[in-house]
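The structures considered in this document are given below.
Both complexes shown next keep chain A, but they swap its partner, so chain B is in the first and chain C is in the second.
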Partner chain A sequence: MENVRNNPAENVDDKPLIIADTIFNNRFFLGTGKFKSKQELETCIKKTGIEIVTVALRRIDLERHEENILEYIPHSVKLLVNTSGARNAEEAIRIARISKEAGYGNWVKIEIMNDSKYLLPDNNETIKATEILSKEGFVVLPYMFPDLYAARELVKAGAATVMPLGSFIGSNQGLKAEEFIKVLINEIDLPIIVDAGIGSPSQAAYAMEIGADAVLVNTAIATASDPVSIARAFSLAVEAGRLAYLGKLPKEKNKGNASSPLSGFLYE
Partner chain B sequence: MLTIKEIKNILLNSDRLLTEKLAGEAKSITEQFFGRTISLYTPIYLSNYCSSHCTYCGFNSHNKIKRIKLSLEEMRREMEKVSATGIEHILLLTGESYEATPLEYLKAAVNAAKEYFSVISLEVHPMETAEYRELFSSGVDGITIYQETYDSIRYKEVHLSGKKSDYNFRLNAPERAAAAGMRYITLGILLGLSDAAEDLLELFRHLEYMEKTYPGVEYSLSFPRLRNIKGKEFARSDIDDITLFKIICLARINFPRVGINLSTRENQNMRDNLLGIGVTRMSAGSNTSVGGYDINPANSQEPQFDIKDSRSAEAIMALLKAKGFDPILTDWRSINRQQ
Partner chain C sequence: MKIIINGKEKQLLGPNNLANAIKESCTDPEHVISEVNGKIIRSENWENFSLQENDKIELVTFVGGG
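Let's look at the complex of A and B:
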């Protein structure tokens, strides 16, 4: 089956996701690492109607000696080069510039990690890189630890979105940082894209239910036995979560609503 | 961190189910953090001159072997040959001779390698921080340096003379390389040289210390097994396949994100079966003789160790794909070089 998605905007009163004047109807973003073959990655993209993928510049063979990963990404899909491997702002900036010079456009996902054990993003360095690259005309999507102050600085620095981690990258732990992501959803006016740790379609749906604007998934799909099925499941889940958010899902209740034990006496 | 008793209990345990359990755990962690990918690299031996006397090594200064050091022109021929196989990560090696292969020689080699490869690692004599810094600025991304054994008494017994006999200078080399900005550091022990469990624990401690002190470095581990050179017996113990398998599982379980290398010292069967269990990086199409790819392909000289898996890089890539792994050739490009 080809693209099975329906645009929620067609069904309910929704606006498409807009990042730097580019419209995205699919709010499910895909990371491209860890796949067992590039053909499988390509099938995942085609079968789910994905509109944007992120690729590490470190994995692109600029000289094209090998089968180049970019040959497996349809031209219609927005390419978001990321700075994986950068340990500080300076390295991230250099990677972004190399990417632009190589012809991969001016969109960049900033990933700065100076810790190979936990792979947590360094917010301070990310803010610095975002500021400089935004001034240079890059559309910057920064991956960050969900900290309100850092998110505000990213807004000031010119970020196009904010991409908080849901939990440790590659961990499949889901939204461990839920409460802090909710703060960003409430307080930051840029699109909030939950970027790391999402391990199942239900977790992705939940991220969307609470108001995330998009979800980026990689490991849970790339390392699944059947990545194509799982990618489709994620795509549907993101859509379902978006519809639930738009429909203003009623809050969960512990028990049946009895009377009004605290204020009821006033009306007796 | 495991205790020495726990490591010994695992390594000496003959229960097959325990081995299977370790393998299952290691495989699942490897899949989670590395997916179904294996990075490939190839070594190029630049020189077998050595001023150290390490009893177990074919290159040691007391061995009467033909000494060769590649000229710049010869290196380029070797590099061109390896590059043609599609390999992008090169490991340049020398014997440990500060006189024959000084910093300037290494820098010249790195400058040549930049024309052919996107990632350059060195496995050479340990150096001072300033020298590592010069190499890093020249375009070196990674340093491989094995302590061989962490048992300082045994270390003295097998490293009889030369700079390599300085245990502490070698022990602190990874830290100096990290301080110099190196992106990749590979640590290792030469299995069989001393007590494997004791060495494994000390290697883990060393890695743990490095991770805390220099968290930005990407670390890898290697577990070469001592192979006999010219029929001489230097091993204290024979590390069998089951023990090596368990060691790799333990490394993966205790250090989920650390790279684990497997060289062509291991035979096809071990290499093929260790795929996905813990190993994330393999050498391919290796020749461990100086000039072995193009200059002296007829094996007119002694290799550093015997290769047990002689498949070409192309054959390894095909095997990986057939087994459902994506061979990763490009995993970094030195951004220092772009300045």
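Let's look at the complex of A and C:
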């Protein structure tokens, strides 16, 4: 039997994910926060063939020396700068501009929150930031609460993808917003990347089965006892979910349906 | 000369340029992004960028983030 795990594209009629003319063969995106060891992060990236990671921008702690995370991210991996910490469009725009000016590219994940309990993204401010940064030539991937009207505004504002949350960020609750994510998958003509709340490989596989174009995972991997094993499990799950989506799973039925032929029984 | 780096006052010991201020403040200037009074100064210009008393310098870099 052929091994489909290493190169599913050769076995199934799939198209690569294209974001702003960049081709991604791997639909598993990794967030780099909360890793206890940067070496482990590097191993996760290498073992799973990750092609894009998010990083955040912060003031340097002048009191202690820490090795920079960029030392552990291979140069071939695309950096997606996250505007986390921004409380409004203006702050997010500043982070994006600093990063671009400093020579770290024009890809930005807009993440704007001004609620410290639920950490929900502010869709209105996100739309504003997306519009301004897209006009400046940024490739904008906005993290958002899965609302159809907001997603349509993001499309108009020039977003390159839409990144709805699965559930509360860092909660590991999975796809609590499933029905609303499905609406975006059906109605929005941009790649849908489920971001936030995915807590297990099965949840990631399910997101892909229902038609998400990619998933972004961070906490579930970074805070696991063995992040490398969990990253590999997520990688396989994303691939499995994608294959299941492409293969068009049959619908659920509410009664029994025999798998074996119902004729030619031995007692006939 | 007194400058303010990441919100804290600092006396510069060596030359009054941005490259030296960064050298005196952090051990690894690689991947450091600097703003002086709200304006980003790219690393190739640090050496020639003269600082004034009370200039506000922000030194930022990338960290892990989702």
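In this section, the second predicted complex is superposed on the first by the 242 of 268 C-alpha atoms of A that agree within 3 Å, B and C clash if a C-alpha of one lies under 4 Å from a C-alpha of the other, contacts with A are read in each partner's own complex, and residues count from 1 in each chain.
Definition applied: contacts are C-beta pairs under 8 Å (C-beta built on N, C-alpha and C of every residue); 3 or more make two chains touch, one makes a residue touch a chain.
Owing to the predicted nature of the structure, the values given are computational and were not obtained by experimental measurement.
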| item | value |
| --- | --- |
| Partner chain(s) touched by A:K34 [first = chain B, second = chain C, both, neither] | both |
| Chain B versus chain C as contact partner of A:S116, first or second or both or neither | first |
| First (chain B), second (chain C), both or neither touched by A:A196 | second |
| First (chain B), second (chain C), both or neither touched by A:I60 | both |
| Contacts of A:E91 with chain B and chain C, given as first, second, both or neither | first |
| Which superposed partner A:N172 touches (first chain B, second chain C, both, neither) | first |
| Contacts of A:L70 with chain B and chain C, given as first, second, both or neither | second |
| Touched partner set for A:D226, first chain B, second chain C, both or neither | neither |
| Contacts on chain A seen with chain B and repeated with chain C across the two complexes | 33-35, 38, 57-60, 62, 65, 98, 170, 219, 222 |
| Touching residues on chain A, where the partner in the complex is chain C | 31-35, 38, 41, 54-60, 62, 65, 67-71, 79, 81-82, 84, 97-99, 101-104, 169-170, 195-196, 216, 218-219, 222 |
| Residue numbers on chain C that touch chain A, as the complex places them | 5-8, 25-28, 30-33, 35, 40, 42-43, 58-66 |
| Chain B contact footprint on chain A (complex, rising order) | 33-38, 57-63, 65-66, 85, 87, 91, 94-95, 98, 113-117, 119, 170-172, 219, 222-223 |
| Residue numbers on chain B that touch chain A, as the complex places them | 31-37, 83, 86, 88, 118, 183, 211, 215-219, 257, 321, 324-326, 328-333, 335, 338 |
